[in-house]
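All chains are identified by letter, namely A, B, C, D and E, in their written order; residue positions are counted from 1 within each chain.
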Amino acid sequence: MDPWTFWLGGSLALGGGLLTVTRKNAVASVLWLIVAFLGMSTLFLGMDAGFIGVLQILVYAGAIMILFLFVIMLLNLTPSGLLRMDRPRGTTLGLASAAAFIALIVAIVTGGQQWTGGQGGGSEAAILERTGEASMLEGSVLDIADQLFNAHLLPFEAASVLLLVAIVGAVALTKRKL
Amino acid sequence: MEPLALYGYIILFAPLVATALITCFTLKHKAVSSWIAIGGMLVAFGANVLAAMQVFGADASFEPVHEIEWLSVGHVMIPFGVQMDALSVMMSLIVTGVGLCIFVFSTGYMKGEDGWSRYFACLSLFSFSMLGIVLSTNLIQTFIFWELVGVSSYALIGYYFHKDSAVDAGKKAFLTNRIGDFGMTWGIILLFYTLVDTLGWERASFSYEKLKLLYHASDPLIVQVMADHSGTLALATLLIFTGAVAKSAQVPLHVWLPDAMEGPTPVSALMHAATMVAAGVFLVCRLFFMFAPYEIALGVVAWMGGITALLAAGVAFVQHDIKKVLAYSTLSQLGYMVLALGMGAPAAAMFHLTTHAFFKALLFLGSGSVIYGCHHEQDMRKMGGLRKTMPVTFWTFMIGTAALAGIAPFSGFWSKDAILSAASVGHVPGAPILYGMGVLVALMTAAYMGRCVILTFFGEYRGHAKPHESPVSMTGPLVVLATASVFAGVLSIPKGISEHGGWLEHALVGATTAPVWFPGMHEEVFLPSVAIVGTVAALFGLFLAYMFYAKKAWSIDSFVAAVKPLHTLLEKKYYFDEAYLWLVANVQQTIAETCGFIEVHVLRRIVDAVAGTTRWFGGQVRLLLDGHLHRYVTLALFGAVVIIAAVLVGN
Amino acid sequence: MDLLTLLVVVPLLAAGVLVFVPAKAEKAIRWTAIGAATITLGIGIWFFHLALTGGEAALTEYTASLPRIPWVQSVGITWAVGIDGMSVAMILLNSLVLFTACMVSAHAIQDRVKEYFILFLALGAGVYGVFIVKDMFFMYFAFELAVVPMYLLIGCWGSPKDREYAAMKLTLFLTAGALVALVGILLLYFKTWDFLRLTDPNAMPSFHLDDVIAAADSGYFSSAFQKKTFVFLFLGFGAIIPMWPLHTWSPIGHAAAPAAGSMMHAGVLMKLGSYAILRVAFPACPEGAAYWLPWVATIAMANIVYGGYVAMAQKDVKFVIGFSSSSHMGYTLLGIASVTVMGVSGAVFLMFAHGVMTALTFGLIGFFYDQTHDRYIPNLGGLAHQMPFVGTCFALATMASAGVPGFANFASELMVMLGAWEAGYKVQAVIAIFGVVITAVYLLRALADVFFRARKERWDKLKDARGPFQRSPFILLIVVLLAFGMYPKPMIDIIKAGVEPIVRPVRRAQGHVVDRDTGAVDMRGVDSGLDGEIDTGNAPSERGPRQQRRREGR
Amino acid sequence: MDMLLSSPTLLASALASIGGEITTSHYIVLSALIFGVGLFGVITRKNAVVILMSLELMLNGANLAFVAFSRHHGNLQGQVFVFFIIAVAAAEAAVALAIIIAMNRVKGSVNLDDATELKG
Amino acid sequence: MDKLNLILLVPELLAVAAGIGVMLWDLWLPREKKIALSTASMVAAVVLFLSTFIPAVAEGGHAMGGTFLVDGMALLMKRAFAVTALFVFLISREYVEDLERGQGEFYTLCLLALSGMFLCASVNDFMSLFVALEVVTVSFFVLVAFKRRSTKSVEAGLKLLVIGSVSAALLLYGIAFVYGATGTVFFDELRADVVAPDFIVSTELVIGLFLIFLGLGFKTSAVPMHVWVPDVYEGAPTPVTAFMSVGSKLAGFVLMLRVLEVFGRSAAIAAELTPFLALIGALTLFYGNLGAIPQTNIKRLMGYSSIGQCGYILLGIAAAWTMGMSGALFYMVSYVFTNMLVFGVIVYVARATKSHDLDDYSGLARSNPMLCAAMTIGLLSLAGVPPLMGFVGKLLLLGSAFGSPELHWLVYVGLINVVIAMYYYLCVIKRMWIHDARSPAKPVAPMRVKIALGISVLILLAGGFAPQILEGLTAPAAAELGLPSRPR
């Protein structure tokens, strides 16, 4: 894997994330989050997951974040309200929780399987048999579409129901007159 | 079932049937109730006479015991039945005979009382219980009726249940007897299982006949076993004797008897004369074979009797209630009987019991008549001169007094003489002292009875309401009992006087004999010296009474002042009641309160504390969710990591 | 449907019917309930008669004729009912108490009659269930079925002062007890499954007692397992007895419950614990029982003496009787702990006698409490003036409770004492004997202070029990007490036949000789006894073999 | 537990290998860090909208892990999974923003400190 | 494997269709006739229930290329979900009628949520699992906040949303690890893998499973992801609380069972999972039951009770053998009737008293004894008292856990909690039956609800007296799951 995409994308994502959660102004947070997503996208591209990388930018950075911005504007918060709101609290708790979780994962990653190659746990024979040629696959749109509409048709359809739910729900919750 | 056993069951159950009939059907019909009760008693008495004719008859070939299985588990069989030997038939004859008189007397005495039917029902039940003891074939059955006597006495003593004193007296009687019963149960169980442990299941039994066989056995091995366990067996015997101590009101469990005067007078008569208190003496007679082998047992019995006789006689001097005087006299006389038992003379005890039954019933009924005539006045200081207004009562009472005081030839003389003779030759430790005490008691008895008669019947009438003679339903029984009191002595005139004497002793020999090896068994003889000493003592006692109360030659007040501490001691009845009260109020109540405290403040607190702690934890758990979302998230995530870490570490 | 099942079905069915009867038709409701109770009483008497005439053999035969109906097959729950001498006594007890309690409540309960009788019948059905089933699952099931209605019975119809606390405490305690026992039951269940798989690898598990006992008899349960399981079973069921110091729910439960509630509670509910111990814990864990029972005998002392003294300190008449119940249950415990046919039969007989007696007592207390609304003894007094009938009955009940001969209680307590002594618990036996004195003290005090003494005008408006409808329940109970007290042999013959197989394994575990053919239990091994010893020239004064063997057994 | 305690050192050693070969482990650690940052945001911020953004970060952490594993195993299931996660996140975001708007309407604020009516 | 086999998806498809149908019909209906939507939804629920009996569906099998599985458990749970939905529609009719807008949306969301639940019962790969779960979750985000003018409702929605997303992230992380460890998300492949002789149980697999269970624990309200439960139960509209307390929870459980079924086949994995699940179960039990004690709001109380109930099912799951599965299924089915019964009463009491204060239940037995009796039976069944259905379920669960000696402590915890639970349920019962009435309100339930409650009561009784009927369904379904038939 390409170390440069890792370091670049990783620092973008992490730095953007950190700034997102620490900025007092929500708009700034949104913008930093977009930076973070760009970093994520870089990481995905570095891992040959082009489709996901693009999706990340299109859907996340493009659509969702714009929605966030809209909402923030819509809320039209007064500066005093924002000020009251943006004094972070429970920093210790937050740090502790985050640190605990990170420590747990890191401990597993470093203490257990290194994933430096070869296989993780599981039955090696079975995994080899399944991956076989597939290890050559790249995250191209075609391959992903093949997966989506063959093996993963059910979640795909279910996701459509989910989106329907989201639409109906959002409408039901926000529209003033129905 | 042979006729004798049938008689036994009839004797036993006739009063019970009467009770049942009255309780179920005739509670509202007074006259009918009393007739049912008297009828029941009459039937019992009739059957008893028939039985007596057979038992004491010439051809004495009969099977005395009839039993059925009452309860049987494993090797333990508790029978129920009737034992119709000389002792029990004799005793039941007294119970039914005297009882009959008292029943009849009651119809007069209880006129106008509420709860008439209840009274007769309880009276019948009481007779049933007593007859049960008398006819019992085994220890458990005896114990059953023993308790029933206690219960029915409770009902009768507490007859006037609106009076606190009556209720408390009933309670006292019941509880005191319960203490005795405690010892008795313990003794019975100890005896039975000692026998089981030593002789095996087959031989151990509750039945008197079988027990007697063991004690009388000639098999050297059994003798050996019995001798080896003599300590335990003697202990068991004495524990059983505890029951007798309570029932026969021996010191220190005598306290209930004077209080029992709270019941109607006929009840006192029944209780004191023929039943209840006699039960203890009867039991020891019945079990004499168990006492006899153990000198220690006999010694305890004798001393207990002697002390009771002396102490009670003393208290009788300072009583003003005519019934209380008689009550303490009963105590004293019971002490006499027990003394006789301890001296190894059960026949003498039974003899005295018999004569005492007659004259004490007579005296009580006489006092009842007096009380009735004086409009339910019991204080002797408010009587006097009644001999004119109540002649029949007076003369019969005089006969009773003479018999009690032991004046020849009234029946009391003979029986008392038999006891004193036994005491004079007794073997127990300190027998001479006991003999001296016996003589002293004879003197005192005559003296306080003289005091009683003089205060009641002589001098001037000191009361308010006009006294009158009692109706014939009351005087009739008096006459009957007076006759018996005069002549009952013939039952056992000593052999030294009459060729046909000693009949009673002879008759009872089978029932009461001690084991063959028992050395102290006393063959009753007439000892002139004893008779003379006894008579002199009695006459001197009467003389003292005469000088103090009738002639007033000597001032009673100055005499009392001279022996002030003794007088106080007697008035306080040796502080027995106070001691018991202290025990009950301080010791027992303290334990109870302590337990109550533990219950409420410790155990309940603990339980409530468990509940409270749970609730407290509930309150704390609730506080975890304080509405702040960030705490929720922390809780969830931190919790998740901690749980995972804990599990990993745990593995 | 067999008669035994009917015992459960009839009250439940009646309760079900009552749901659909309009609440205003109170008369119909009462008669339905009484009718159901009467039917079960009839069945109870029928079984008693069967046992009386046919003996244990007839009962065994009857039980054998009943099918095991699979209920939840994969888990091994079966509807299996059975009857032996012990259950006959208990069924008769429950049918008597249920019937009389129904009669008593018929006039005592005026509020929410419909709800009351529905719950009441459910309670009755639950109790019957415990007494008849042979499946441990259903035993627990039926027990809980009885407990929960009790909550509402106390809560809704109890005396307002302490009913909430009392009802909650009772329910939680009984539930907790039952759950602890459930642990024991589950331990047995899985161990039995292991046992069953020994013979058939595909065997289904089973809650059936016969299977459990078969496993126990074969010696499959290790000693340690039995000791552990017995503790669970005993503590769980012991809380229901109630055993000291787990008794605190009981007196206050008595006190707060309505008359009929107390009757059922003290009359039968408290018996379920000791019944279950005998039914499950003894045969299943004989070694555990043999190991722990000396402690139980000692706890029984605490029950007797402590309960008695606490009763003495009470001023509330229902508390007096409540603590007296826990004191009396000490005798039951002692009898159970003795593991002699004598003692255990005595305990069972005492359960019967005490149930009847205490039902009578609480019925009577309820009768006057419904009018006085006061149970504080110093406030009462002289009630016999206004209610002579109730007073007489109460006096009789008191006497029965005090262990006066002529009442069934006496015979049973005597048996317990004999049994305890026989088992070597001599100190305990003596204390138990002394307990009778304590009992008399507080009972007579209560009797005297409530019913005797001077007439009090404030109670002049009280009405005595009138007419056969009000009097008959009390009379019935008294007659039963007297009948079985005067001639206990028939009942004891029935009970002991049922008790012997229960006692036998524990005796064996204690190291006693047991005659398998006759079922006779040789308690001491001495009875072939004396002659043999004498023949061989042994010194007969030597301590009997019994003591030696016991010493080895411990 | 000692594994957990020693994790900072391990993290340091992972960071020290900058420039070296990038393994799947690196991505997983990174994903954990991103997840942790998101978590930190969720806990410390009061603004509901920012919290939502933090949540998105957390999801992205998971996404990263999926893609890394997908790459590691050489099959596309992980990538497809991320596709669904993005779809779900979008749907969630829509609803979440709707709720936030509703909250702003009834409370006049999107401050979570104002949303403590329900507690206990 | 590649066959679509769409016939198996008929219930799901019908549910979605119904949801869309209601939504569309809503557009046409004038305001005063919107009540017809309620009826339509009820009919839909009944139809959905019946659709699970279509022979082809009832027969079971794989569909959608192996990502969709209909087995005994799935069928059983789908029926349970349909019944739940029917109940919710029955008791929400008045509530929805009172809404000034959004009636159609309410039913649409309910039906779509139902389709999500159906999917949950049948998922056979992690992706479907996640998406199906999110369908349910997101629907409930909306439903909880549906009373958008109510501060409580919106606050509840927000809290649910945040915790839900966090837990979804955890779940995803867990799935990622499992995927990382095994290289596949398909259950069928996993089922074969885990029992393969060379299968290595790596730490990341175990941690992944832990995280998955934690994430699912959000739905089932298991500690520590239970934090939303009391607040959301209290704040949500009562019919939604009812739906969530049963539907959403059981969806979580069915997924837990599914995951356990897949991985629990391997004794090694089960040995790793059991202590974890047992610990969670114990904490859940204590948390729910202790927290319920001081509650004064009936819905909040039910929230805590719901946490506690979750603990019992976890007992059976931790035991991880057939009896535990059977017990869990039994318990879940009984939970449907029990909780719907209780919430049915809560809805109509609240309509009369306008609050959910526990004290409003005082003296209820005088004004409406039948309603009270129903509620009492429901609560007692929750408490696990014979002769009610809840008892049998609880016994099966406790019994299954008792099978393995190392879980004995957990059973003790469970038993202690039975007593604690008994206490607070009795506190409610006490108010109804023993206390005197405080408000003059006389709650009445419409006839259809009365019938429904009556049937529930009958089912609860039948489930107690004749558990073999239901057990006859759950035992084979559990046996099909492929876990050992004996305690480990």
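Criterion: a residue touches a chain if its C-beta (ideal position, glycine included) is under 8 Å from a C-beta of that chain, and two chains touch if they have at least 3 such contacts.
As the structure is a prediction and not an experimental result, all values here were calculated from the model.
Contact with both chain B and chain D is made by A, E. Taking each chain's centre as the mean of its CA atoms, A is the chain most distant from chain C. Most remote chain with respect to chain D, judged by CA-atom centres, is B. Relative to the centroid of every protein C-alpha atom shown, the closest chain centre, again from C-alpha atoms, is found for C.
No other pair of chains shares as many C-beta contacts as A-D.
With centres taken as mean Cα positions, chain E sits 42 Å from chain C. Distance between chain centres (mean CA atoms), chain B to chain C: 36 Å. Chain C and chain D have centres, each the mean of its CA atoms, that are 64 Å apart.
The mean-CA centres of chain A and chain C are about 68 angstrom from one another, to the nearest whole unit.
The set of chain C residues touching two or more other chains comprises 172.
Annotation for chain E: residues touching 2 or more other chains are 127, 130-131, 134, 138, 141-142, 145, 148, 158-159, 162, 166, 173, 177, 180, 183-184, 207, 230-231, 294-295, 423.
Counting only residues that touch two or more partner chains, chain A has 89-90, 93-94, 97, 100-101, 103-105, 109, 111, 115, 119-120, 127, 130-131, 151-152, 155, 159, 162, 165-166, 169-171, 173-174. Each chain pair that touches appears in this list: A-B, A-D, A-E, B-C, B-D, B-E, C-E, D-E.
Chain contact summary for the complex, chain B toward chain A: residues 630-631, 633-634, 637-638, 640-642, 644-645.
By the touch criterion stated above, chain B contacts chain C in their complex at residues 69-76, 140, 143-145, 147-148, 150-151, 154-155, 158, 161-164, 167-168, 170-171, 174-175, 178-179, 181-182, 185-186, 189-190, 192-193, 196-203, 221, 224-225, 228-229, 588-589, 591-599, 603-604, 607, 611. Every residue of chain A that touches chain D in the complex is listed here, in rising order: 1-3, 6-7, 10, 13-14, 17-18, 20-21, 26, 29-30, 33, 36-37, 40, 43-44, 47-49, 51-52, 55-56, 59-60, 63-64, 67-68, 71-72, 74-75, 77, 81-82, 84-91, 93-95, 97-107, 109-111, 114-117, 119-120, 127, 130-131, 134-137, 139, 143-144, 147-148, 151-152, 155-156, 159, 162-163, 165-167, 169-171, 173-174.
On chain E, the positions that touch chain B within their shared complex are 158-159, 162-163, 166-167, 170, 207, 210-211, 214, 223-225, 227-228, 230-231, 272, 275-276, 279-280, 283, 286-287, 290-295, 420, 423.
Chain D meets chain E in the complex at residues 24, 28, 31, 35, 38-39, 42, 48, 51-52, 55, 58-59, 61-63, 65-66, 68-70, 72-73, 75, 77-78, 80-81, 84-85, 87-88, 91-92, 95-96, 98-100, 102-103, 105-107, 112, 115-120.
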